[in-house]
Amino acid sequence: MEALDQIRDRLLARFSGASVALVTNPGPAAEHSLLLDPAHAREIALFLRDDSALQLDYCSNATGIDWPEKEIVETKKVSVLDPAGGPAKITEEKTKRVEPGCLEAVYHLYSMALRHGPVVIRMRTANRSDKVNLPSLTPVWRSCDFQEREIFDLYGIVFDGHPDLRRLLMWDEFKDHPMRKDYVDPDDFEWEPTPHAGVLDRAKMHYSAPATLAVSAAPQPEVKP
Amino acid sequence: MLGSGIIKGLAVTAKNFVGSYFVPERMVTEQYPEDRPKLPENYRSFPLLVSETAEDPMGTLRCVACQICEKECPPQCIYIEKSKDKKPDATGKMQLYPVVFAIDTSVCMSCGLCAELCPFDSIKMDQVFEVAATNRFAGLLLNREQLAKSNAYYHSIRPVEAAEVDARLAADRQAAEAKAKAAAAAKAAAAAAKAAAPAAQPAPAPVAEAPKPPSPAA
Amino acid sequence: MSASTDSFLERAPIEARDWLVQLLPAPLQWFTHHLITIGAILAVFGLFFAFTTVAERKLLGRLQNRLGPNRSGLPKFSALPWHLKHKLFGLTQPFADAVKALTKEDIVPAAADKLLHFLAPVLVVAFSLLTFAVLPFGRNMVPVDLDAGLLYFFAAGSATELTIFMAGWASRNKYSLLAAMRALAQVISYELPLLLSVVPVVLVAGTLSTNEIVTAQGGWSFGILPHWNIFTPWGFIGFLLFLVAALAECNRSPFDLPEAESELIAGHLTEYSGFKYALFFMAEYFGLTALSGLGVTLFLGGWQAPCDFLPFIPSYVWFMGKLVMMIVFFIWVRGTLLRLRIDQLTRLAWQFIVPLALINLGNAAFWALTASWAGPLQLVRLGVSLALVVGPFILLGRRLNIGRGPRTYRYATS
Amino acid sequence: MSDAIDKPVPFPAAGNISDAEREELRRHGILMTSLEELYNWGRSNSIWPLQFGLACCAIEMIAAATARFDIARFGAEIFRPSPRQADLMIVSGTVTKKMAPQVVRLWNQMPEPKYCIAMGACAISGGPFKQGYNVLKGIDRFIPVDIYIPGCPPRPEALLNGLMELQKQIQGERLTGPDAARHTRPDMPSEFSVPSYGEHDLQPTKNAEVWKPATPLTRSGKG
Amino acid sequence: MITAAPAPFGQSSGPTVRRVNDPLHGDLLEVSMGPQHPSTHGVFRMDVTLDGEVIVKLKPVFGYLHRNHEKIAENTSYLSSMPYTDRLDYLCSMSTNWAYAMAVEKLSGQAVPDRAQYLRVILAELTRIVNHACLVGFLFNDLGTSFTPLLYAFREREKIIDLFEALSGSRMMCNYQRFGGCRVDPTPEWLAAASKLVDNFPRFLDEYETMLTGNEILLARTQGVGRLDPKHAVNAGITGPVLRACGVNYDLRKVDAYGFYPRFDFRVPLGEHGDTYDRYMMRILEMRESVKILQQAFKVLPAGPIMDPKAKLRGFRPKPGETYGRLEGPKGELGFYLLSDGTPNPYRYRVRPPSLINLTLLEEMCLGHTVADAVVILGSIDIVLGEVDR
């Protein structure tokens, strides 16, 4: 199989106006990926599937990733000229910057005909709140059907063009997207026999007067020194 | 011919039926309450805490309340509270001990990670599986006293592993004793040297006693 | 033959009844006579049902390399010895089931047709019990010796399928409804094959009376080969067809489509609980017993002994023995076979059993016409009859299985 | 109804009838006692479970019905697929919040007397998955459980052991008197409210009539 | 507009489907099969619309066993997820363990000693045998036998399960693989017992096949039922024996050549018709091939360590990066997608469940068949709900 940057170059040459970026993977696995822009993603996917050199006829895995907004504090060294004419003083200036979050969909493509792969493609939404639409690749690979429904269910990415976009795992009345990093569990830890810190915090919200220590309902003998 | 496959099938079941009276391979039922299952040594059900003796289980617990198991337990079913004082452990070192050690067997997934990760060979996996209870809270939440089992019991369920553990602990103890002896000897020698040469500069303190203060820059 | 008729054991049940009856005043005698018969059938076949269930569970267990129920014992009435209390080989299992079923809450779904929902289990037991009336359980032991006994049997027997439809319809459950439809399709498809497989016997015996059919199968060749219908070519294939049709009629595996567990939950029984469910269960086993009894009567020589030196054993013992064998066979089949699909079930009936049964009717006619052939002609008679059995069986069977068969597979090595 | 519920639920002691209890029973009258014994014997030897597997434990439940363990020896191999004919519900596996209403509905469809075994950690408390957002933290939040069998999954022998415990419990049940069995008392509910799917969680998250935990616990000194 | 995937294929067999409510024929019947239904192998649900008994619409409904495995794994350490992978596909924990260990090893670039590699092959193939034997038993249950084939299969399963228990300590939840090797070294007695069992296994298979494979009812019930054609199967991401039953030669043991599989001599059986019977036979033939692999493996198993000495149990932190590791599970391609941000917990942990994706074409396979067939088709796909819903 040709290298990923060659594929990218071919894609860029073929689809004018499309932006295809190479996302490098620093880990030992070194599975690099192509970041597609949503506007052209389906055309590119179709090309990847039908191109005779690639024939990526099998989309093995489709998954979502949540990248929440990150507040990044950058420290910059700024040299301030001393008005008194002395040597320039170097001070540190902190700037806070919120890196916008996004939802990402990752697809792992293989070729069953030519037995190569994977080619990893990914798409990102504009943000995590209202612009969460991505083109569905189900019309290209039917195997994305349930997986995209699952991503829609758990991450809230809306796949345009999906034939039957409903929640897959949670019930239809459910409102949240539980795999997002900022999802908060419902408070149903009313009573836990082994109170760990997180559980305890929840329990406190439910019980105004915390009881005294009684870890086991069975009688506890005196602790020997 | 139509029916030959069916007749072959009937023959196989008939063979099993007759075989169930004569061939032990074809009558595999173990009559459970009377026939006990033969549990392999590796079998694990729920955790137990090993104590050195059966007479004083609380005093001789190997557990030093390091809370590694509590942190690593995948379903978070272990709950430990450390003691405020110390007492000598299996190797004779002064250690903390658990004031409260509770395992919720109604949550435990019997994965054995706690036993695998315990550096003190204290938490091990039991082989008792008949633990049906009518009350989830009173029956299935095991406290320190219920969890503690003697080393002899541990030997009885896992002879090979327990022997290895004992050998390792004995070696550790010996090493610790030798070290203590050496340290005592060194101390005595140092004291003698100090006595011999009071004017000389004091020997540098052992590293363990005076660790370097962490540098704020790091 | 005459010696055995006189044996005490042979006569004992009849004489006991007659003795009891003659104690009563004449106007009551007729009534009591039948009451005792009914009571005896209920008691014998009630117990037979109970032990059939436990035998089925234990036999299936053995087929599957396990033990089956073996520790029900008896309730702990204080004075009983230990082994009675606890073990007793599980023989008391059906009584435990009965106690439980009797005391279980009876749920009638709110949407159900309450009257039909109640009537269905009652009627199904009633109809299946009616069929016992014409079975000759032993010499002179047929409860009602009707001239058209066979017709009566089929009339009563096919009514049970209607009650299944009743149950399915009244439950207002989708699975029940599907089961009811299947039951109807099944009964319509298999009523005819069942009748057609029986007609040759009627043809050869020349009577519809079950008692006379048994009598016609009396006697032995060479002292060990009984003149039962199953030992003729047409009788053998007729018996096979009868077995298949009987399995289908009493909804036993592989034809248990109306209560197909893996498809339709419990089919028409889905909404029945407690004793009503037990009644269905009971009716199913009564139906099985009755059809097995019919099979014994028509093809296995009824209460006749297999060899001429054996009739000292009472006739009803022979009947029961054959009955048990039939039921064991049904259990064996249940432990082995898969279930057919509804369209395959009907296709099997119309494309295989019905034509085969019709050919078999001709075969039986040939057999009856050539009864006088002797010497080498007898071999010709046997040959022709066998050819009439085997040929159509193979041809029709091939047609039924067309396009199907074991396959060979290719392998990839890389 | 709520009055009755506030009272502690009388659980007959699991285990064989002790001699003292037997004497107590005798005072009810020999006939009653014998009837009770017959009734309890019948029920305890004919426990038909609901054919109802949820997750991993269901495989061990099936294994308990297979040749090696053979639950049939106890007369309990007839796994009925329809709740109408079942006596015992073995909740074998994780009950998710999506599944919980169906489990409660099945329980409601079972005729009395009915029993529930919570098999495995997940059914008892949510087990290893209790931290999940879609996992019910114990089926006893919605229906009463008679026997808890911990383990993940419990061995088939453990299930048989639980079944024997249940048999003992049934054999100890009384038909009359102040501590009569649950199903004989008209004031005890046999149907329980089915939770509905909410926007974030089940509505309600628990059935307060059934779920009565002991006092909540806190970490000593810090709570 | 872009042309999409090949249009949904029509019915290759079965009666014609009437898609509208026709007043002459009455209403269609809507049945919700499941989540509690004897044939759905757990808590799977199919919303079926029936015309008589013929299926005109079938919508699978998932999520009744959605246990939030991925969310829990993202909140816990890499090692702590290992016992959870046991519970994904609870019939084959050994190979699920391996898939996860393989993905993590790929993520962190760890090596695995030879003995451990061989052990993994041995255990994965034993698992394949367990899974296929159970599947065939369950399939026959769906076909309406009174548990007999299932119980014979479980009789053999128990023997293998006993081996797993003796080795790993648990019958089903083995928790055996570790990153960089295996947890327990098998004793020579264990290996001898396993080898003996494997040598005896073909005898059981022969008996099983005598009992069932030639059975006319089986042929009638399965041949031509639930056809799947290779083109659609590939596009729908169907893998494992279900794919190979359509004749597509795609076995990851050969394609990816992971583990030590290239060192073994085995063949990949391929079907032709893609129907239920082929899917059943694929399992039987694969069991025979697995036996071959096992026999070779027991002969060449080298001595040596079973853990990479550099492997860390506690405090395991792979470098930032992502990877997708996959292997040929008994049910199909089982993959783990892991994204590490350098912390002890994975940032994204995703299971590629073969059971779920193999269900993609369930509706198309069932249309035009009866309820009884739908049950059998579902059974022949081989799903485990723990993996479908995770």
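Just so it is clear, A, B, C, D and E label the chains in written order, and each chain counts residues from 1 on its own.
Keep this in mind: a contact is a pair of C-beta atoms (placed from the backbone, for glycine too) under 8 Å apart; a residue touches a chain by one contact, two chains touch by 3 or more.
This one's a predicted model, so the numbers in the text were calculated from it and none came from an experiment.
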item: Where chain B and chain C overlap in contact partners, by chain label; value: D, E
item: Centroid-based (C-alpha) most distant chain relative to chain E; value: C
item: Chain centroid nearest the full-protein CA centroid; value: E
item: Chain of greatest Cα-centre distance to chain A; value: C
item: Centroid spacing, where centroids are CA-atom means, of chain A and chain D in whole angstrom; value: 42
item: Separation of mean Cα positions, chain E and chain D [Å, integer]; value: 33
item: Whole-Å gap separating chain A and chain E, where each centre is the average of the chain's CA atoms; value: 27
item: Centroid spacing, where centroids are CA-atom means, of chain A and chain C in whole angstrom; value: 66
item: Contacts with two or more other chains, residues of chain C listed in rising order; value: 63-67, 261, 265, 335-337, 401
item: Two or more partner chains touched - positions in chain A; value: 169-171, 178, 193, 195, 213, 215, 217
item: Of all residues in chain D, the ones touching two or more other chains; value: 51, 66-68, 70, 73, 81, 98, 128-129, 131, 133-134, 152, 155, 213-214, 219-220
item: Residue ranges of chain E in contact with chain C within the complex; value: 29, 31, 37-39, 50, 52-53, 140-148, 151-152, 155, 211, 213-221, 223-224, 249, 251, 254, 267-273, 277-278, 281, 285, 370-373, 375
item: Footprint of chain D on chain E - complex, ascending; value: 35-38, 42-43, 63-69, 71-72, 75, 83-84, 87, 90-91, 147, 150-151, 154-155, 158, 171-173, 385-386, 389
item: Chain B partner contacts - residues on chain D that touch it in the complex; value: 11, 14, 67-70, 73, 118, 121, 124-131, 138, 140, 145-152, 154-155, 157-158, 160-162, 164-165, 169, 213-214, 219-220
item: Chain C-touching residues of chain D, taken from the complex the two chains share; value: 34, 37-46, 51, 66-68, 70, 72-75, 77, 80-82, 84-85, 87, 109, 111-113, 171, 183, 190
item: Chain B contact footprint on chain C (complex, rising order); value: 59, 62-67, 332-333, 335-337, 393-394, 396-398, 400-401
